[in-house]
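Across the two complexes that follow, chain A remains constant while its partner is chain B and subsequently chain C.
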Partner chain A sequence: MADVAAAWRPYRAVLASRVRSQASYRGGFVLDLASSLLVGLVELAEVWVLYRAISDPGGIGGLDLAAAVLVFGLADLSFSIADMLVGHVDTLPRYLRSGTLDVFYLRPQPLLAQLVTSEISVRRITRIAVGAVALGIGLVINDIAWTPLHVLFLALVVLTSTATFAGVFVAAAGVQFFLVDASEMTNAIVYGGRYAASQPASVWSKPLVALFGFAVPIAFTAYLPTVALLGLRGSAWLPGWVGWLAPLAAVWTWAVALLAWRTGIRHYQGGGG
Partner chain B sequence: MRTTTTAPAVQVSQLTRTFRVRSGVLGRREVTAVDDLTLTIEAGESVGYIGANGAGKSTTIKMLAGILVPTSGTVRTCGLEPVAQRKALARRMGVVFGQRSQLWWDLPLAESYRILAAVHGLSAAREQERTAELVERLELGAFLATPVRQLSLGQRMRGEVAAALLHSPALLVLDEPTIGLDVLSKQRLREFLLAERAAHGTTLLLTTHDMGDVSRLCERVLLVDHGRLAYDGSLAGLSREVGARRVLVVDLAAPTPDLVEVPHAEHLGSEGGGLRQRLAFDDAATTAAAVLAAVSERVQVRDLSVEEPDVEDVVRRVYQSRGR
Partner chain C sequence: MRHDGQPASGTVELTVTWLRVHGRLFASGWRRGATYRAAALGGLVANATFGLLKASILTAAVRAAGGELGGYDQAAILAYAWLTQALLGSVNLFGRSDLADRMKDGSIAIDLLRPVDVQTASTAQEVGRALFSLLPRGVPLVVLGALFGGLRLPTDPAQLALGVISVVLAVVLSSLLVYLVAASGFWTVETRGLQVFYMIVSGFLAGLFVPVTLFPDWLLTLAWSTPFPPLLQVPVDVLSGRVTGTAALALVGLQVGWLAVIYAIGALMTRAGRRRLEVQGG
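Right, the complex of A and B next:
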């Protein structure tokens, strides 16, 4: 235990000071919290408005309003946690231009761990709250045949979906080593992925399924777990039982993310790759 | 432990680093930043690493710190392989990059030190002792509570040096530490570095454009040009080789005939009918004080300044003297 505490101490020191620093600009901090809350509520309302406007009792892509709220809750909760913990890695291009990354080399911790813990966006906490409330509502209003397996699966999915989004952030950062001005493109994947996560993947076109179903397995963060929880049929490309495999998406994403990061670092150091 | 404490601070053998840079629309060409560099710096030495812009100084430092991988050749820093053993090396090496900050911009200086102490795993007692020592000797006390972004350049640079030394590294590398500093700030920083080295035996390696840094701080000079080692030896030897002299500029109380008979000094020129005169002298033969005293015996001096030899000028003279 003492070893764990000692290993964690450098990261805790940075994070604690980042939190204090953000909270010290009280006016701005409260405003950030409020705007983050508002954006979350607007996006939840968008789902509600869209599904209310549908006359088809089957909803969209096999999801009704209740199921859509569950998908939204899972997607938004896990993305927002990942965004709070890891989202700032998208500042890497700035670090590369200013040479700040070199400073990380002078400290006895892994570079990626230092980058991830160099900041924490506390203001996302209200957005996380919106996601959590939506998920809570979704779990109550849907008719789920609860078993211990379902409970375990849900808890695991929140963790692994967060890990999947975090992995997408890290993979996008790895790409920045090669394409310093490509943050527009990676943002399209990251934030496009966030938007896609809250939609039923069953209505996606094939290219979209290829992109967000498999390459960047966004469909596994919210839609497919929901299909599994509710015992729905899913679609031809992504049948319902695939939902139970949702946690594996995190493993795949992190394998890609770490490969992208390592390749990026190698490129930065000029060792080829 | 024994092998690492007695290992040379820097051991570089046939070190080469090339970069591929864009040239024209589609073409690329290879640029050699560091070219077949071989040198050893023993623990405890104080070395000035000088050369013109683009001579390969920063590239060398990045390879010493494990930031860049050599194209060929070997590097050992504090007895370690910098890229493979970066984390172990980080505990033994401190680097001050003149152009990039280790400090947290929006936090008080003192908080940066608390974080860095945690980063390097210093015990509470060690942290307190070392911080107190650095704060006192670098005179940081007055602005410890000030956010770093509000510090003057001189204050920030002292703060950076303390940050790099907090974990008591055996090797301190300074990349252009005095660039942009006023005369007084330069002087304080140099005095501190001398005292730090005397107290802890810290190896100093500094790149600089300022011959003043070299003459005050360094026992040994390494001069690089186009990535190659062009000179390795004492500053006095370099001065002998290329005649890198300092220049005393005196403003006199009355127009005076040219001061041509001052010992160990050469009259370079006069302005204002002899109101201002320029005298070149060699550090190896005399001192600024001795030249000034000799001038003062002859005429009343109202004001004075000393011009340091320019690194670029020294580099140029090295090539001229070698018939390039």
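Right, the complex of A and C next:
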């Protein structure tokens, strides 16, 4: 136990310094907090506007507004936590272009661990709050037949969905070693994935099911667990019971992420400095 | 001023000079857009992904609403989903501009010494870059949407021409709006807060996520009292042929009206701001 605490001490020191540095520009920090709160609220408002405009109580893709709020809450909470913890790995292209990545090679720690632990984006905390509140509302307004299994499943899903999104960030970073200037290409997966996560996957066209249902298992982060929790039917390609397998998506994502990262590292030739 | 430094005489000559200078600035913006090929490709992939996602959820929503939602049927909502993404590389909804960076690092002082108006000069460059983006991002996305996404554009040449005019007006209007964001830097050094606020509000009220016609009444009124629907909702509706005839002309008229208002505000800000500006260092 003491060993674990000792092992984490450097990370705690780094994080504490990052938090202090972000909070020291008070105006900018408050502004960042306010803007990520506003972004979260506007995105929730979009869900509300769309579902409100439909009078059919059946909702869209088998989800009514209450279920959609639950999906949004799960998706946004887990994405935002992942974004806070590892989202900064998307600054990798900047290190690659300026050649400063080589500095990390001088330190006796794995490159990925250093990048992940080099920063924590505290400003995401308001976005996490929006996700958590939406999730809370979603759990209250939906009719869920709670059993201990449901509670355990929900807790596990928040963890594994966060891990899935974290894996997506890392996989995207691995690909950056090849793309460098086309970082928007991976944004299609990362931020497209965030957007996709808050949608009912039952409405997706076939290419989307292939992309966000299986290759990058975004459907497993929020939509399918919600379908499982509410006991809904799901769709032909992603039936309701698949939702219970949601945690496995994190394992698959991390296998791909670590492979992408390793390939990227092997490809990297150094900044020439 | 002419190239030999002598003040130009006569209105015609002044106009010709103005056009030549701004034409060159436009061309330089266009060329800059052309240099970032990889970034344009990345943007295209991102837009296509979002196009697919938007098309899926919005067509499902129209189906759920019984075939018509906020004035959109299946064909109209598909056009909406693809065209908004096609315009996203050109209509500036992010609030960022080169001028904002130049304000911050102080190079604006050099711009102010030049014998061209800062507002029109920087807008000409932004418009050049933005219109170039239609080639690597806008046109391919329309083609992709037509081939795989069920996008149909009107065949009436008059309607198409009006649509293209509306797109150009939207691009110019967005550049002028972003100029206002940057020009607030005359008073405050850091404009990032305003830029982020612009990004959040403009996208939502322009109809980037859902058409503004789906908004509840109070929000719809709020949206139409801002210059944001003319950035996206209007050009998409005119280009897709959802709004035709005099209604379409009225929408384009609205764009022209906002263009004049936002230009005037920008001109006033430039005049007031250049007396306020403090540049640090030197």
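The rule we apply is simple: the second predicted complex is superposed on the first by the 268 of 273 C-alpha atoms of A that agree within 3 Å, B and C clash if a C-alpha of one lies under 4 Å from a C-alpha of the other, contacts with A are read in each partner's own complex, and residues count from 1 in each chain.
In this text, a contact is a pair of C-beta atoms (placed from the backbone, for glycine too) under 8 Å apart; a residue touches a chain by one contact, two chains touch by 3 or more.
Because the structure is predicted, anything quoted here is derived from the model rather than measured.
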| item | value |
| --- | --- |
| Fit or clash - chain C, chain B, common chain A | fit |
| First (chain B), second (chain C), both or neither touched by A:31 | second |
| Partner chain(s) touched by A:196 [first = chain B, second = chain C, both, neither] | second |
| First, second, both or neither for A:106, with chain B first and chain C second | first |
| First (chain B), second (chain C), both or neither touched by A:21 | first |
| Touching partner for A:46 - first (chain B), second (chain C), both, neither | second |
| First (chain B), second (chain C), both or neither touched by A:187 | second |
| Comparison of chain B and chain C by chain A residues contacted | C |
| Chain C versus chain B - closest C-alpha approach in the superposed model, Å | 14 |
| List of chain A residues in touch with chain C within their complex | 28, 31, 35, 38-39, 42-43, 45-46, 49-50, 52-56, 58-61, 179-189, 191-192, 195-196, 199-200, 203-205, 207-208, 211 |
| Contacting residues of chain A [partner chain B, same complex] | 6, 9-10, 12-14, 17, 21, 98-100, 102-103, 105-110, 269-271 |
| Sites on chain C touched by chain A in the complex | 36, 38-39, 41-43, 45-46, 48-50, 52-53, 55-57, 59-61, 64-66, 69-70, 190, 192-193, 196-197, 200, 204, 209-210, 214-216, 219 |
| Of chain B, residues touching chain A in the complex | 17, 19, 62, 65-69, 71, 83, 86-88, 90-91, 93-95, 97, 99-102, 104, 106-107, 111, 114-115, 117-121, 164 |
